[in-house]
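Below is the structure I would like to discuss, written out as structure tokens.
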Amino acid sequence: MFKRLIAERTGKSPWLFHINAGSCNGCDIELVSVLTPRYDAERLGFKLAGSPRHADIVVVTGPVTKQSLPRVLRAISQVPEPRCIVTMGSCPQSGNVFRGSYSIAGPLSKYVPVDVDVAGCAPKPEAIIDGLTLAAKILKEKRGRMN
Amino acid sequence: MDFPFMKEAISQLFSKSSCAMYPAVPSQAAPGYRGRIEYHPELCISCGMCERVCSGNAITRSVENLEDGRDKITLTFNLGSCTFCATCADFCTKHAIEFTGDYHMVATKEEDLLVSGSFIKAAPKKKAPAAAKTEGCQTPAGKESGVKPRDDGKPVNDPARCVYCTLCAKKCPAQALTVDRAAKTWTLDEDKCVSCGTCAQVCPKNCIIM
Amino acid sequence: MTIVIDALQYLGYVLIFPGFLFCFLAGMLLCGIDRKLVAKMQKRVGPPILQPFYDFFKLCGKETIIPAAAERNTFMLSPLVGLAALVVIQLFIPVFGFTAFSGIGDIIVILYLLLVPALAMILGGAASGSPYAGVGLSREMVTIISCELPLVLVLLAVAKTVGGAIGTGLCFSLSQIAEYQEVNGSLITKISMLPAAAAMLLLIPGETGSHPFDAAEAETEICEGLLAEYSGAPLGVFKLSHAVKMLSLTSLFVALFLGGLGTGILALDAVLLFLLCALITAASISFVHAFTARLKIEQIFKYYWTVVSLLAAVSLALAWYGL
Amino acid sequence: MNMLGNILSYQHFPIYAIMALFLGSFLIAAFGEKRSVRNILALLSVTAALGFILALMKPVVFHGEIISYWMGAREPAGGYAIGIALEVDALSFFFALLVAVAVFVSGVYSIQYMNRDDNEKEYYTLYLLLCGGVMGMVLSGDLFNMFIMVEILTFAAVALTAFRNTVRGAVEAAFKYLVVGCMGSTCILVGTAILYAQTHTLNLAQLAQLAPGDVNTATRLAFALLFVGFGTKAFIVPFHPLAADAHGAAPASVSVIISGVLTKSGIYGIIRICYFLFQSMGLGAMQFLLVFIGSLSMFVCVTMALAQHDFKRLLAFHSISQIGYVLTAVGLCTALGVSAGLYHAINHTLFKGLLFLAAGAVLHETGTTDLNKLGGLAKKMPHTTALFMVGAFSISGVPPFNGFASKWMIYQASYQKAVESGNIGFLLVTIIALITSVLTLASFVKVSHSVFFGQLPPELANVKEVSWGMRSAMGIFALLCIITGLFPNLVTAYLTEPAAAAVFNVKNYIEAMGFDGSAAVQLEAGGFQHAGVWDPVSWLLVLCIALLAITIVAVAGKYGNVSRCRAPAVENKYQLFYGGEEQEFSQLGGEDLFWGFKHNWRGYFKFMHRLHSGVVNDYALWAVVDLALVTLFSLIVL
Amino acid sequence: MILLNYIASFFLIGLGFYAIVTKYNLVKTVIGLSIADYGVNLLLISIGFNPGGTAPIFTWSELDYNSFFVDPVPQALTLTSIVIGACVTAMSLALVIKLEEQYGTIDTRKIRRLRG
């Protein structure tokens, strides 16, 4: 009974941990705006967590600079299973305008399996909500596979 | 101690929320929003301007030589690398690139974020076989074209290759160039020209010779 | 035979009402109501009322990572001890006329028992070895110190009022306080108790570590402080403890100031208790949460030792001179 | 046969208990060259002392007898006590039991704790001398004898403080203690002399008989001198800096005796002079003195402790804070108050002993007690940690440990007193006591974080758990802490209430020695009723059931879905979260905790820091000022 | 006569305490302790003094109600007190030597590693 209860509820309360891997702050601001009264992601159960240990979904913004890469990977590895990695904006997916720069180690998918990409520069809050709900769905599937 | 929002807190308890309720209530992007790229291959003339101006290297063009001598040209827009600055659309003389209001650019696979389209470019006219043979921009300008460079260092246009994209006119710092797309004319105001060479540099077809 | 029935009855008290199950359901619901109300006041829709349940079950399904630097036994056990202590507090607090265990504790016991969950959290956090937990521990302890003075004053004022009225001078027994209110009406109707009730209302968010007073768990600056290294089920238990603590403090408020409203039927009383608790949560936790920003830790201390203590002291002085 | 029976009569047991300790001391001085001989002698003497005292339980507690013992059978002649007497009533027995237990456990602990020091022979000699001094002091029925014992224990304590003279500040602490301690002893002697001049006797019972009729300026002066003199022994404010210095430097096993027992002997002295010798001077005013100084000690020392960053120094300040509780409760002059105070005295001996032994264990293994250099020892010393936590919970009054039970009684006693007397001052005492309690908790949270939890400094990676002997010594204390916490009714019924009754029954005390006690002022002791209820056993039962239920649910609900690091190298996943940085050592130092509290009180802390200057002249000045104030108080108010 | 003794003894005690409080030299502190001790000894012996009394050395047979002697008890006390005073001086001087070794000074103002 517990197992089913847990598996059912996993998708309903995804907590986010946000990593800024060298972002220009555009996506960061959009992510915050998702939690404002206008969009209010909390009604879907989303919540920003302060520590990766509490998180289910890791949201990475920024082009993953060489300086930040080991830190990003460490923080991601500290998130307990099941976890879901969301790249937000174009930067972590490809490097965007910073592609080819001497200081860029991205894209993130070279290092960890990325579950959801939310494109946009920066993505519209609705798109972020879309991406996060998709991530929550994936999370639930992952949890189901753990049983 | 001062609590500026105390009253609001109480009054809002009884008022309707200002929440957009997004997934339940679909929402439209504001006019002018630059979302998912829509590409109209039928309009494209493969000038390559978009590719050159793209800051995020999001546009790739691939050419496939068909058996009948024609080329199948495919443009791929990687939304995962796009900054949505719309410079490509601005520069596209043919309006083949369009930024729609669709913001649902969410994907679990990278392929989902690619927008591509292809068209088959007709074989070039016999009139300028050299140009057809040297497809692309590899050939240095003027080598095999019929126009000779002028002695005074001012630009000359090769009408055989010019697609009248007006980029040279836009970029000309002295506004010495006038290009009429409809009439397919390219005129140079020699008094104004400063022989800077910007037009030759920016020309996507390398048809301006200095 | 009667012993068996008695034992079963007490077991029922511990496990079902007003023990574990009631704490779990009511606490989580209170927490959900709180979140909903805060959202409402901020012009949001807010999470579903059942959201705390979802969170809890989700956390139960997560992996629990024990950091290599942590002391394992303390790290894993302290959430359970904290929760157990809270459940026991709930057993002491009378539900209007009904007290599950009247014979084994009183106000001072509750005063100290309220320290136990915080202590469990502090030790668990300290055992994790995280420096964030170190900062969190320091702040949590200062918050406890801050709340202690006004809480003591409030409890002494109540003890004096009831004790003076029933003729024993002072009364530390919660069930006697409840009985007194059954006969004489709620204490909040007394003028001398009004400041104390107000102080208690202001105390509840501090004791539970709710919003403006949550410097100890500030997620944006010290990564949730004490809980920084907790994941999975132990974290869920801590979240549950937080919810139950809200229930405990609000029902303590009901027991101290709003007694005597009971109907005599236990089931109705339980519902009434829950409704009153929700009302107090709305007034003290959610309302303050909605329009304040997080205080710095030394501001918390200053606030509790001046404004709130003053309120409580006024009440104690009034009670002392028999008003 | 008859002679043997006579020798083994319990009448002799008090002197046997004292002699066992002194004899052990002398024998070790003479024959203690070999370690085994030394250890056996030391253990034998402390065990014998404990045995003799325990054997006294039956006559003194159960039969309510008061043992009067004249040395050399020199009974009073002509109505005047010429001989030296021992008199053991329930109060003396109570303190003797504390002494015996603490001495026994600390003796067991010493054997392995001191094994790395040289001059062990001298250590045991002085140690047993100290113990004998305290034992003699609480069993003595003679004021001058008390003074002698006080001097013996002061000397032994000073010498033991300086025993590890290479430890930072040990000699300094010993010197300060010696100077102020000797000033205190001088005060006691002058007070004794003045009393002798007034009454021509030194026997406590006879003094108690004669004093009531004769309250004049001289006796008031004697009271002030004796009070201050015993105050220095109890280290109450303003003598607390000495305690802190001495405890910090002395070996832990000695700190147990100094803090757990020596301070109690000061309290014993104060009870004897206030309640027995000078009870006719008006307890109401004396009450104010005791309660005021007690509350001051309680509060000042706990705040001082918050500012410390040395483990043992912090414990030392707490010890005086707890002594403040005892003094306050005793000063309340009600049956409940005295009973509560004595209960807290037992508890203080037990938990402070435990805490000092834990500090000693940490010092023994790591070589430091600086809170800023320690951390994370819980992984290396799990048993010590568990035992320390028992002590810390006890002293902070977390139910169901013993500190809670006695503090609970103290709160009730002071509040009851406030309500009954209508004096709002006592209400303040209740509040101060409650605040002190939570501040105590705060500083033990600090200790537990910066010594046992938190991160392990790299240089302590090879620390091991202490030996079984030391752990079992701590275990005895911990067990006693839990037992006294779980069965407060038994403790009050068999230990504190008889002792409290003895405090209020001066007449019996006088008459037991063969003097006329009819003139003694009989205090209204009365019974007491708890204003609330506290049943630790049921409480624990309920807690256990709740915990069990939660655990079962937790285990069923996959609480054990645990992953932890098994490889020797720490993977990223099991590192601590540092905002993404690689794990490094960053323990929060003990000094840096509780900023929010200290910042608001920065003026106070700065002032206190300036006041505790560490210059021995200042401390001597405090002693003189204290003496002057108490003298003024006793001349004007009493 | 006796009054002068009392005055002198309290003066000595006061002087000793004054020395302890005001003198920053460790040896002077020790001297202060000794002076206070002598004051107490003087006080004790004065208390037991009966003007005109003989030395309190009697056998049981010699003792009767007419014997007039000084009180022997304070004398015993004084002897003890002198011994203790000697101990104090010895002990404190030993500590002073150690302190001088460790701190290189006998100024009390500089011997304050333990403070606050």
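Letters A, B, C, D and E name the chains as they come in the text, with residue numbers starting at 1 for each one.
Criterion: contacts are C-beta pairs under 8 Å (C-beta built on N, C-alpha and C of every residue); 3 or more make two chains touch, one makes a residue touch a chain.
This structure is a prediction, so every number in the text was calculated from the model and none was measured.
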Shared chain contacts [chain A and chain B, defined touch]: C
Least hop count linking chain B to chain D through chains in contact: 2
Third chains touching both chain E and chain B: none
Pair joined by more contacting C-beta pairs (A-C or A-D): A-C
Chain at maximum distance from chain D, centres defined as averaged CA atoms: B
Closest chain to the centre of mass proxy, which here is the mean CA position: C
Distance from chain C to chain B - Cα centre to Cα centre, in angstrom: 63
Separation of mean Cα positions, chain E and chain D [Å, integer]: 30
CA centroid of chain C to CA centroid of chain E, Å: 62
Distance from chain D to chain C - Cα centre to Cα centre, in angstrom: 35
For chain A, residues that touch 2 or more chains besides their own: 2, 6, 37, 40, 43-44, 51, 53, 78, 80
Multi-chain contact residues (two or more partners), chain B: 17-19
Set of chain E residues in contact with two or more other chains: none
Pairwise chain contacts under the document criterion: A-B, A-C, A-D, B-C, C-D, D-E
Partner chain A, residues of chain B touching it in the complex: 17-20, 22-23, 27, 29, 33, 35, 55-58, 78-85, 103-108, 110, 112-113
Parts of chain C lying in touch with chain A, wherever the complex brings them together: 35, 39, 42-48, 51, 53-55, 57-58, 60-65, 132, 218-220, 222-224, 227-232, 235
In the complex with chain C, residue positions of chain B that touch it: 3-6, 8-10, 12-13, 15, 17-19, 21
Of all residues in chain D, those that touch chain A in their complex: 556-558, 563, 571-573, 575, 577, 579-582
Residues of chain D that touch chain E when the two form their complex: 144, 148, 151, 155, 158-159, 162, 165, 168-169, 171-176, 178-179, 182-183, 185-186, 189-190, 192-193, 196-197, 200, 202, 244-245, 248-249, 307, 313, 608-609, 612-617, 620-621, 624
